[in-house]
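Chain nomenclature is as follows: A, B, C, D and E, assigned in order of appearance, with residue numbering initiated at 1 for each chain independently.
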Amino acid sequence: MNMQKKQLMPKWFYQMASPKWCYKITGKLLPLFSCTGLALLLLGTVWALLYAPEDYQQGNSFRIIYIHVPSAILAQSIYVTMALAGAVGIIWKMKIADMVAYACAPVGASMAFLALITGAIWGKPTWGSWWVWDARLTSMLILLFLYFGVMALYAAMGKPSRAARATAILSLVGLVNIPIIKYSVEWWNTLHQPATFSLTEKPAMPVQMWLPLLVMVLGFYCFFATAMMLRLRNEILSREKRTNWVKELVTKV
Amino acid sequence: MTPKRKNRLMLVLFVILGGVVAVGLGLYAIDKGVGISVFYSPQQIADGEAPAATRIRAGGMVQQGSVKRDPNSLQVEFVLTDFKQNLTVIYKGILPDLFREGQGVVAQGQLDKQGVFQAVEVLAKHDEKYMPPEVADALEKAGVDADGQQLENNAGQEVSQ
Amino acid sequence: MMRVFWAELSRDLLLAFRHKGDFLNPLIFFLMVAVLFPLGVSPAADFLAQIAPGVLWVSALLATLLSLDNLFKSDFDDGTLEQLLLSPESTYMIALAKACAHWITTGLPLALMAPLLAVMLFLPAQAIVTLVISLLIGTATLSLVGAIASALTVGLKKGGVLISLLVIPLYIPVLIFGASAVQSAVDGLPVTAYLAILGAMFALSLVLAPFAIAASLRVSVSS
Amino acid sequence: MQFDTWVEFVDMGGHGLYVWLSFAIAAGIIIINVMLPWINQKKLIGSLQRKFQREGDLK
Amino acid sequence: MAVLLLEVKDLYCERDDKVLFENLSFQLQQGTVLHLGGSNGSGKTSLLRILCGLYHDYEGQIEFFGQKIDDELAYYHSSLLYFGHQVSVKLGLTALENLTWYARIQPQLDASLISKALTEVGLAGYEQVLCQNLSAGQRRRVNLARLYMQKTTDVSHSLWILDEPFTAIDKQGVAALEQHISAFSASGGTVILTTHQQLELNSKIQRLNLDDWGTK
């Protein structure tokens, strides 16, 4: 009833076409990212655990770096992605961008958590303590709190379009705050070593150590793409459930 | 100019002014060296810069050959150095794996009346350089560290001469 | 543009003046939290002096946090908030005025009362001036940033706990530099660098936060 | 290959617990992050199918 | 003479999975009164809030003098007076203080008309009384006094959006208000209102029933 009415309105149809196109394209990209991701992660893990040399000081506990660093990098870049998607959603009123931001949050939070927990596990044998109030640990913890805030706000808001705008504002404010947090805690207390990877400098480790790390980082990015797209597709389906294309898609299966 | 445009211009100027003030103050703070004293070096402690009778952090290298372990307890005594001044540290407890001579550590504790640092926690500070043990051995034989710089123990010898 | 700022500021101050509880409660809360530490941890003077910078700053932060819930709530409930948003005047200025009024009714009295608590906690006398200055600048930043979270949660039934969750991560830098400034003053180290950072954060939030507050209010009212 | 024997590999020079714990947690988190939305999708499609069926019956 | 003030094109809004209205289009000429009807929950308040620019979850276009309202929001708001469900007066302030504040945030209101407006709504002598000491009807009258403070210079550009303005107002009050609305529209002002009462106006009344535009 409703459906037929909508079909008569070309404008509706075109506005709905965007999520539809997105659903289709992610459907094509998903196998690509998930297979590459799985392959890279398996390769990276085997390489990291079996073939990468141990560190001259830390011995084999060094291998934790292959989880710790990718997850820490990912936690930060997912936050940036989320905030930027939120900004796009606000400025251009793009529904898909809102949904991307929504899909990012839990994945990012779990990456921040993973970075923290592996940091703690790594800290025990190297620093001699499970947890130290060190700059980077603290700023990662705050990043996790920011994720929690975004997710809690999303859960409390109810209506998706409103929630999307509210969380976008919050994550943008958090984005401005991230460098401030970073510098504040860095000046406040310092024990952690500087960043392992940076774009401008040559890595401070030999090739046989950082190559598997690179593989792991890429694998983690593919994993993020996979998890995010899966969430995004669910979100598209549930928000567009009153449209014809979802009906066709679902009944065809 | 319409009042609306004028308002908008005022707003933009206000925001720019705020940004400039923020950057200026930030640069001033960096210039003043905010937050550099996260831990005191043995030199600073010898100069009396560190407050007595409160818990502070002391950082430096563990001097080669200075670690004395008490055979009957977990007590460890070692000398923390910045190659200018030395500070004796006493600590009871399990040391981290990375604790070794020539390694950077940060100790948390209090100075006692004799000028000995009573540590309650010793943390090993590890750098961002990683390398396989064979490479490290080779480098050590050549007398350079991963950056190609002279190893600390050479520097330490210079100081002791 | 300034007209609407003064209109809103004077109205909020008048209301706060008539409803004294609104700004007395955070002050009393500040006092009580600070008193909990000697009672709960240790009344030894040297120990208290050691923790005083942190305790005073954390208490001030919590007192500010407590008062945030009310910032837009009553305006939202009686419908004057949507009338404010229907004003053709700049929403930026309105948001700034609300945050300003909040600071005058909470941050300013907190900073002025802090010396009293500093004496109770045996904070060395040379640090008291720094304490007051750092609180004056710092609480202004707290009001501005907190107003964003308050504006985001104003339409929600259970906003109170959520505000803390949203705002505490954003408050951490202010706390770190504020407490460090006081600690430096206690240790006899220079404090201008810390105060400059607090000032920089204040300047940044002063010009940027009103945008976020205004946008959040629009989202919250549109329910 | 860095390890000669199986035992050595598991032990990781005394750090086996730390290393294996890290990798296990990572694997767990990754699997959860992929499986949860996947299961949700199955559920969602199922419920939508039922919904459309009901609506189809009503017609 | 008939100048187009407000045009609504293809408005669509849904709430809680229910379509409130779709394909809703109408035009409003200067000097008309639009009486919005519909059963409870048919979306009257939502439509009014959309027309005010307060509620954004809709599709379609709203144009004020040919310009989208969101593009020229400040201009649109300077022509608009909205009267919502809530009292919209601060209980901690007096009637005079409330209206003075309104005159400062909404420049289309004239502060010099406050005492006259309060007399018109029957609150003469209550200027200095805190609103918390007024009855519910009197509080609403304080808010309604804004309608008597409209600057007369630009009436033909003015739009009033009134959501149940007669609630809690007694009979004489309703009659006086109806008369004021008629006078306003006679001088070129435009009004959109919802009410469950019988409207007795001598103005051009346009009617719109939202029950015809949504799914049941």
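Rule of thumb we're sticking to: a contact is a pair of C-beta atoms (placed from the backbone, for glycine too) under 8 Å apart; a residue touches a chain by one contact, two chains touch by 3 or more.
Remember, predicted model here, so these are calculated numbers, not experimental data.
Asker: When you check each chain against chain C and chain E, which touch both of them?
Answerer: A
Asker: Which contact partners do chain D and chain E have in common?
Answerer: A
Asker: Using C-alpha centroids, which chain lies at the maximum separation from chain D?
Answerer: Taking each chain's C-alpha mean as its centre, the farthest from chain D is E.
Asker: Relative to chain A, which chain has the most distant C-alpha mean position?
Answerer: E
Asker: What whole-number Å value describes the gap between the mean CA coordinates of chain A and chain E?
Answerer: From the centre of chain A to the centre of chain E is 47 Å.
Asker: Suppose each chain is reduced to the average of its Cα coordinates; what separation in Å results between chain A and chain B?
Answerer: Roughly 33 Å separates the two chain centres.
Asker: What's the distance between the Cα centroids of chain B and chain D, rounded to whole Å?
Answerer: That pair's centroid distance is 41 Å.
Asker: Centre to centre, by mean C-alpha position, how many angstrom separate chain C and chain D?
Answerer: Here chain C and chain D have centroids separated by 44 Å.
Asker: Listing for chain D: what residues touch at least two other chains?
Answerer: Not one residue in chain D touches at least two other chains.
Asker: Send over the residues of chain E in touch with two or more other chains.
Answerer: As it turns out, chain E has residues touching two or more other chains at 56-57, 74.
Asker: Hunt down the residues of chain B that sit against at least two other chains at once, touch-wise.
Answerer: Within chain B, residues 34-35 contact more than one other chain.
Asker: What kind of graph do the touching chains make: line, ring, star, complete, other?
Answerer: The chain contacts form none of line, ring, star or complete graph.
Asker: Which pairs of chains touch each other?
Answerer: A-B, A-C, A-D, A-E, B-C, C-E
Asker: Any idea which chain B residues touch chain A in the complex?
Answerer: Touching chain A: residues 34-36, 38, 94-100, 103, 106, 121-137, 146 of chain B.
Asker: Please name which positions on chain A make contact with chain C in the complex.
Answerer: Within the complex, chain A contacts chain C at residues 90, 142, 145-146, 148-149, 152-153, 156-157, 159, 162, 165-166, 169-170, 172-174, 176-177, 180-181, 184-185, 188.
Asker: For the complex, which residues does chain E have touching chain C?
Answerer: Per the stated touch rule, the residues are 49, 52-57, 74-78, 80, 82, 84-93, 97, 101-102, 104-108.
Asker: Can you tell me which positions in chain B touch chain C when the two form their complex?
Answerer: Result: residues 7, 10-11, 14-15, 17-19, 21-26, 28-29, 32-35, 37, 51, 53-55 of chain B touch chain C.
Asker: Okay, in this complex, where on chain C does chain A touch?
Answerer: My answer: residues 145, 148-149, 152-153, 156, 158, 162, 165-166, 168-170, 172-173, 176-177, 180, 197, 201, 204, 208, 212, 215-216, 219-220, 222-223.
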